[in-house]
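Look for chain A in each of the two complexes below; its partner is chain B in the first and chain C in the second.
After this line comes the complex of A and B, so read on.
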């Protein structure tokens, strides 16, 4: 897709013969906030690093703004902001000096934005970076990625060290970026509640593969729990397509289905001679079911 | 916090299984039906709702877009969305039919379980609608 800001095609990565990522094909277009969700060790960080061109894939390829990730020209790199999971602050200087240093690397630097955010987020800029708490370091690290107002902002577990108030302030900032339709945000997290607020698209990573990608709304609408109460004995195989999990006894069954359509209920009721009840699931439930 | 900020008019629960855009649509529909939102009433902007409730703006735009297509909201250039004046602003027939479809599905399901035929069901619907018009 030519208008994709981020694009991966059959991307794979193996380290010493162990597959870390397998056959990943995804896109992100401008104006979207994409949440990358998965258990610890699922491959989220490796995926972000491959997309950004930090290491070569074993198979497949990826592009940012249409340029191969591994050979991004400087003009494209200027349009990207990245907040790594492990920050890369210089230890013997103050936060203010760190901001000035990073700011000097970019032709455009929104000083007013950074001043405002460092006040709102209460980042002690006068202190040497090695004396900052984990949360303060994370905030400072995020400021470093926001100053040049990147078109693509990539964040790896951006809120892991933040308290609930700081997390909410941080999410507000992401949403402010998201109201600008020319910008794209890609962030990984395992905190489902944050993702539900700010992301409109979601990639679910499980054991190195993408098990679901698309609109968060469609995910919530397509993954449902179907309760079946049959008037007669249920057959051994219910014949339900795309069933993720199934619990059943002689006349009752609960099935979580991944690709549900509203008109399927009537068909199912007739075929199994049963009463059907369909229930929406929260993202957390869906995430758990996809890992069952 | 800003004491002069207007009170919240919606209750949005991001962690619900119901997508946020559908929660918003349902609430606007109900508030219009109950008269809480009268013709001419202004709705907060996408940006305001997004900031106030900390939710993604595209999900709010989607809800507003669908409500506009339904005829329940009116887009005004450079101004807030409003509830249109006049009661005849019902939206396209197909959109209205679509809205009633889930209830019809449930009705058809119940009719099948009770072994009622289409003719019996239709005559009942015709009679009921006659009673109320």
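After this line comes the complex of A and C, so read on.
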């Protein structure tokens, strides 16, 4: 059995003939915070829900703690916390009652943690759930997912409705959770700066496929912007491998390249008779370039 | 003007279910009139008449049952106040819808008179039919609007039954009932006064609360936080909501209202309009009760999504939990029917229906509805089709039983056929739950601001 907490192998999903996910193979191991990033409609939510067994895949398979997602035993489910994109709070009861309800479904419930977090996040637990704001509902949903201290925490766009202060507090808390090396956090977002702050691994989803997965640092090192200033006219094709985007005129070109190696700069300068400048990109720039 | 007309159109079609019912009603109306044109002079016209009446009922129900609640839904958002004359456009649109409905009913009757002059006819004028239909529909809509913000929706439901039946018996197309048309000017004045008073309040109200579908009081819910809740109880609350006491109170109110109608009907002679109206109100109660388990179980697949990880249950176990909940609701419904039928048997000295057979039929319909509801795992479209089918089959079975003069073998076989059907549906439902896809099957949400783009 592999030590992957989350594993997907050639996972695919089609609904009514439309391919939502295609051939996804990824792993996440304990102690990592994995950020799933992609544009709206890229397939992030579908991927997370397939991994958690909410939906049977059309092809491939996925496991959580080594067990097939679709037939997770209760002992494994108790180790998972999930914050869905659309909350599933019960109407006509208060936040405190919702917490009590959910707590009664688990053999272990850390009430002290929940009390502390609800105070820090200023969740009005005395109010009925339908009267809470979107951000408050999101915080309450997150509390519901944390109370049983899961080893795998999956959050689907958990900060989209939070204000900047609440977001910062929330991400800080996420970091605290992640410092426990037995835990894994998997969260999707399209707020790149948040992801940069907490994630150490990243899965980039584009049009239902994973276009990049691995360490955040290696992504930032491997994708660069190359500025070319030629002494003569540039050829029509620059012949740069793994070029993601290219903007060029007669003597100047800007190319974003993935899997860049430092040796390549010298080769390129000689071949094109040009001055080469290589610049590292922020995650946001990389995200934009990958989707260009 | 365009906004007003769009509101009018929406009154007939705001929910997909109602749209389908309205289309079905229109198709039946057409079929009925065609049938009458072809067979009125010679052969029996019973079937055609029934189709006309059913279609009229469907269209009427589709508009009057829904408009009040829909209207409240879209009147609630505060942003509506930012739309120029938003509330006025809504009010005008709904009023036009009611005028249109009354015109359709009157036109339907006029056509019927032309097509089948030989059949027994209601002696009232077309004006009386128009005013009767307008008054009935208006009362129902306004009642629904006012009461859907409170827990007293049960009274509104009963009022719908009573008013609908009154309206029906006034139209009296298939039955040669004695005319009991009240003073028309008085009815017309009362309707105009009701609309005016309502408009005066509606246009000035600072805040209109959205419809409340359960208890807004947390008396019973408060106990959840204070007392330890067992896991099965927590699962039940997650699936069907937190406040069984409020539901029981509403059911009690509903039953009390039906008993009041029975008492009202019992005071008249067997052949009177009142007696028929009472029977019709009872049939409405039976229909509501018989589709109650369906109403509960149809939403369970979507809501069980939240329990997939938290409860630790597999899909199969969740199916069994939901099935048990459905059976519990079924027993509550059957007990209510038993109580009402027993009271009807005692209170109405001349029942034209067999209480025992009706009870059996309701239970059989409930069992069928329970499993049809559990089968609703393939998204909203299939759920809506199943809803329409369940309502139509349930209504047809009950009407056949209630209107039959003698218990023929075919009528006696109805509950048995329904129970056999339910037996066949269970394994299908179970199989569907094994592959339940919560990406497709999501909890239904009420539309709240559907009209904003229209206005």
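We adopt the following convention: the second predicted complex is superposed on the first by the 291 of 292 C-alpha atoms of A that agree within 3 Å, B and C clash if a C-alpha of one lies under 4 Å from a C-alpha of the other, contacts with A are read in each partner's own complex, and residues count from 1 in each chain.
The criterion applied here is as follows: contacts are C-beta pairs under 8 Å (C-beta built on N, C-alpha and C of every residue); 3 or more make two chains touch, one makes a residue touch a chain.
Just so we're clear, the structure is a prediction, and the values are computed from it rather than from any experiment.
Student: Looking at the overlay on chain A, is there a clash between chain B and chain C, or do the two fit?
Tutor: Aligned on chain A, chain C fits beside chain B.
Student: For A:253, using the defined touch cut-off, is the partner it touches chain B, chain C, both, or neither? Pick first, second, both or neither.
Tutor: It touches nothing on chain B or chain C.
Student: Would you sort A:196 into first (chain B), second (chain C), both or neither based on which partner it touches?
Tutor: In the superposed model, A:196 contacts chain B only, not chain C.
Student: Report for A:270: first if it touches chain B alone, second if chain C alone, otherwise both or neither.
Tutor: After superposing on A, A:270 lies in contact with chain B but is clear of chain C.
Student: Just checking: does A:105 make contact with chain B only, chain C only, both, or neither of them? Give me first, second, both or neither.
Tutor: Second partner only, chain C.
Student: After lining up the shared chain so the two structures overlap, which partner does A:93 touch, if you call chain B first and chain C second: first, second, both or neither?
Tutor: In the superposed model, A:93 contacts chain C only, not chain B.
Student: Considering only touches as defined above, state whether A:46 meets chain B (first), chain C (second), both or neither.
Tutor: A:46 sits against chain C, while chain B stays out of touch.
Student: Vertex at chain A, arms to chain B and chain C: angle between C-alpha centres to the nearest 10°?
Tutor: 160
Student: Counting only touches as set out at the top, which of chain B and chain C does A:28 meet: first, second, both, neither?
Tutor: In the superposed model, A:28 contacts neither chain B nor chain C.
Student: Please state the minimum Cα-Cα separation between chain B and chain C in the superposed model, rounded to the nearest whole Å.
Tutor: After superposing on chain A, chain B and chain C come no closer than 27 Å at C-alpha.
Student: Can you list the residues of chain A that touch chain B in one structure and chain C in the other?
Tutor: Chain A residues touching both partners: none found.
Student: Quick check on the complex: what are the chain B residues that touch chain A?
Tutor: The contact residues of chain B facing chain A are 14-22, 46-47, 50-51, 54-59, 62, 101-102, 105, 108-109, 112-113.
Student: Taking the touch rule as given, give the residues of chain A at its contact with chain B in the complex, in rising order.
Tutor: Per the touch definition, chain A meets chain B at residues 31-33, 168, 171-172, 175-176, 178-179, 192-193, 196-200, 216-217, 220-221, 262-263, 265-266, 269-270, 275-276, 279-285.
Student: Over in the complex, which chain C residues touch chain A? Could you list them?
Tutor: These residues of chain C touch chain A: 214-216, 218, 221-222, 224-225, 228-231, 233-235, 237-238, 241-243, 305-314, 435, 437-440, 443.
Student: Which part of chain A faces chain C closely enough to touch in the complex?
Tutor: That would be residues 13, 15, 46, 49-50, 52-56, 71-75, 77-78, 80, 82, 88, 90-94, 96-97, 100-102, 104-106, 128 of chain A.
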